[in-house]
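There are structures below to look over.
Shared chain: chain A. Partners: chain B in the first complex, chain C in the second.
Up next, the complex of A and B:
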């Protein structure tokens, strides 16, 4: 999209003159290059030093297997071992349903909580509380609450809904619940901020033209909210995909919740095989970016820009 | 029901409370809240309990576990480290992120898409993915294992997060305001400090709060880069939980409660200054009909 900068012919004339030459500055400014871009410099230095360089370093490391052999030996090792390969499916099987549920549940709740009502502030604060918990604390709470002697199973048994404790921890469901508890408030906060950025007078205009609440939601609010929803899905998906502490603590880290981050961690900090750890990390990133890219591709088909909020 | 339906048609805004959709929504919220209460409550009760082998509540209550946890885990140091790390990360990420967000939201320049992608990637990638190579590089240059390494590692997702959060706020400011200020002779500095910053205060607060919460709760990156003296509270909590059996369960729960209390105080303070529903824009509240 952006054309490469072609330096104008007179750029190479004499140095001191060039600085004050209004022609060159003007021409560069027309292409969008002026002193404003200096605001971007600290961020670019930061991102190259702390993200791009380490990432390329890790990528390079993944092609230098510890045992020698071809550059792709570690990738072959990962994909030929079902114990390692299946971690991809286990991770996706946890992350996609959890992220979808978080986003889809947040939309109606946030939509309903736009208006004014008594106790709204308190309810918002309570809903936001789980963010403060963090995955580790949630894991601790879930072990107590959903465990065989916990309050949840006790309630089920005394209500006659179950004869014996339901196994909800140290398996898939324990991790899934921990993803909901930490992910839902996050999705909710983001979506309600996107919703409050949509000018309510747009909806009122539709109402005066006779649109019912469903039509207003479907044709006014939802399309404007769509980019926000896609972003929120991506962020909650990232949170869910990188599930690590709760998969160890409330899951079954040797079996059904041996997610890919556990495989990477074990390679790096238990076997000290950094090339293999980098390989797994790169595969993890590639799988995740694939999902994100699909969502963002879909998002780009929607309107982005001002949503009429008053700044 | 039919009268309700009719009333709903004539004044839809007032009747939302009675619709079945509302019941489902509030039911879901209630279910979530009960679960949340159970999760928090069981940690809280256990941290005060003496012995709890069965039954609804422990046999007796005590506060000894807190003194125990405070001494055994060195909580004062852990809290100090956590505060230092999060304040540094919030301040640095705002200083780096807000100007960058402004340029990216307003300007078009060659290579913009590439720059934007570079900022999006850290937030779209699992922390473990870049955390492992990052930790390797930080160890190589001697940053990892101390406070500066933890701060640097935590900045990686925070700066892009500030940029992403700020972009809609900036897009909503009318560029004509800035042009008017320029016409009146304001330079870039003046425009930024006297025009944009006051208008962006809600956005900056929102970004700061979200970054703060993320940093205090950020487990993976801190876990990968921290040394024994630079653990934050959450990492220490994980270590004491995964080493189950060495410490009493109640004492781990006491530490968890202290972590939770710290975050709650933070959150309540934050909520006094920013309304979570108005994070994106100062929207006109709906007038009462």
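Up next, the complex of A and C:
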């Protein structure tokens, strides 16, 4: 306190800064602005360079149709052509059931896999390994396994359950199975972590209050898990909605599995109509956002606070 | 709920791998009784409670409710209420729905459900918080919700697992009175787990002291307080001075003990043959600071080392010439460095056999908390 009196602030080394800096820095830090923000720079550069700019570029492109006309001409063309328009329903028809099944199948398995038991690690690896395989390998496997001469059909026929091979590839089901195989581990891992975030003593408390396992699940675990299920559904839905390789490899890309990403691909690389391809990409994003918005709106009706577990 | 006249635990045991968390627990609980399971952490008291609740299957023994064997029933079929240490309130349900949960599960009719829920909420004085979520309540209020949720079913037995351990000191005292009040007004049979001897003494009709999964003593608060069965129980009951010594000759009711330069006369508890390793135990408040030369046989000269102010009394730590540290409570104003002469009434100095720590290959202080007073100085 005595120092400024002896020598004027300007005379001291960085005197004036010393007087203003702590106050300003402190006030900024209170608002979350400090040097740690620099850690975000790489991420921001990355997002601007690889997401924001291409997105805005594509959005702009979609309003500049090759054939001229109004800025919305490509959007009108897409929605007036049933062959194009139907890709939305075909994709939704694949992605929503696949995402739902992934989520619903994960719940009981993740529920059972809580706690410790012998062989848990091995089972976990088996359940999660498909995530590492990639869609092409999965498609190869499906072609061999579910194909007309594959093990599955041969087993069916030798058991007398079918007279002729069941068509399970190069159609809707092939793509559906592929989406399950690649999407399930993802959903399972997410739901497992949501489940471990729920304090196990809640279920024990419910048990001492007379709730059997089904009531415990229905009234306690499930409502607390619901927000996690909604989030997991959104993520697996987005993965499934952008399905492309398996729709071609194990689907029927000219017919029932002509998904929206195939339409965009054809516009861009077969007709070289980039504005149209951008338009389709924008529509694809809009549909995804719409579905996610609906799910999150529904999710907001549930309790989303702390659930007391180890998270 | 089905009521009972006695609940029998017969040789109840629970093993985890090769470790006996609880062994040979025999206990008879009468209707309306308040039993406290007391012991240090890891003594098996929570295991015992979870076994009673049905949350943990037994590995030995059986539990009988009158003539019905209940250890084979799942928790939801036992009809016991339980208050968990972390309360385990359902975070997504309001206070009211938390309290009503058990009634809903039992398909109680709507009017009765409403009446009983209101009554339970009123009993724990949470009327104005009934619509809130547990996360919006303070610790003490959450605790009361947990109690209301357990007692609304009028369970034949209420189990409480250290329900006050997450509260601050003042609230703990208030809730203790609350629990006692509820027990007295409702007459609910209660088994209460705690590591706090004061809590156990003030609440329970009978105490069960556990250590290493085994019962050390079962008795009324007074029995345990004045006549602990072994030095571990004594240690737990506030006998802070535990002096390792050797038993000497008997003279009438008293026994001579000797250790670290002290020769004292003590009251023997249990079998204590001459020459046996022993532990002499006395509470800080039973060590008196004499004014002049005492006539008693247990005269000890010591130097005051540490003084803690505790309101009306001081907690003093004094050291004898032989190096033994003694804890004293006294109303006299002492200061570090003062030379004092102490006295202990013969009937207040209990002598126990030390055998308990003499298990093969195990140092005296690994299993239990106490490091004996004499060993500290060694």
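By our rule, the second predicted complex is superposed on the first by the 261 of 311 C-alpha atoms of A that agree within 3 Å, B and C clash if a C-alpha of one lies under 4 Å from a C-alpha of the other, contacts with A are read in each partner's own complex, and residues count from 1 in each chain.
Please note the rule applied: a contact is a pair of C-beta atoms (placed from the backbone, for glycine too) under 8 Å apart; a residue touches a chain by one contact, two chains touch by 3 or more.
Quantities reported herein were computed from a predicted structural model and do not represent experimental measurements.
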Based on the superposed arrangement, let me know which partner A:282 touches: chain B (first), chain C (second), both, or neither? first
Regarding the shared-chain residue A:193, is it in contact with chain B (first), chain C (second), both, or neither? first
Report for A:217: first if it touches chain B alone, second if chain C alone, otherwise both or neither. neither
Have a look at where A:37 lands relative to chain B and chain C in the superposition and call it first, second, both or neither. first
Taking the superposition on A as described, I'd like to know which of chain B and chain C A:134 touches: first, second, both or neither. first
Just to be sure I read the superposition right, which of the two partners does A:302 touch: chain B = first, chain C = second, or both, or neither? second
Of the two partner chains, chain B (first) and chain C (second), which one does A:206 touch, if any: first, second, both, or neither? second
Comparison of chain B and chain C by chain A residues contacted: B
Show which residues of chain A both chain B and chain C reach, each in its own complex. 199, 201, 207, 212, 305-307
Can you list the residues on chain B that touch chain A in the complex? 9, 12-13, 16, 21-22, 24-25, 28-29, 32-33, 35-36, 38-43, 46, 53-54, 56, 95-97, 99-100, 102-104, 107-113, 115, 118-119, 121-130, 132-134, 136-138, 152-153, 155-156, 159-160, 163-164, 168-169, 171-174, 188, 199, 206, 210, 213, 216-217, 219-220, 223, 234, 237-238, 241-242, 252-253, 256, 259-260, 263-264, 266-268, 271, 275-286, 288
Note: in the complex, chain A contacts chain B through residues 1-5, 31-33, 35-37, 39-40, 42-44, 46-48, 50-55, 57-59, 61, 105, 108-109, 112-116, 120-121, 123-142, 144-145, 149-152, 154, 177, 181, 184, 189, 192-201, 207, 212-213, 231, 234-235, 238, 241-242, 244-245, 248-249, 261, 264-265, 268, 274, 277-278, 281-282, 284-285, 288-289, 292, 305-307, 309-311
Sort out for me which residues of chain C touch chain A in the complex. 53-55, 74-76, 78-82, 84, 86, 88-92, 101-102, 105-106, 133, 135, 149-150, 153, 159
Interfacial residue positions of chain A with respect to chain C in the complex: 199, 201-202, 204-212, 215, 219-220, 223-224, 302-303, 305-308
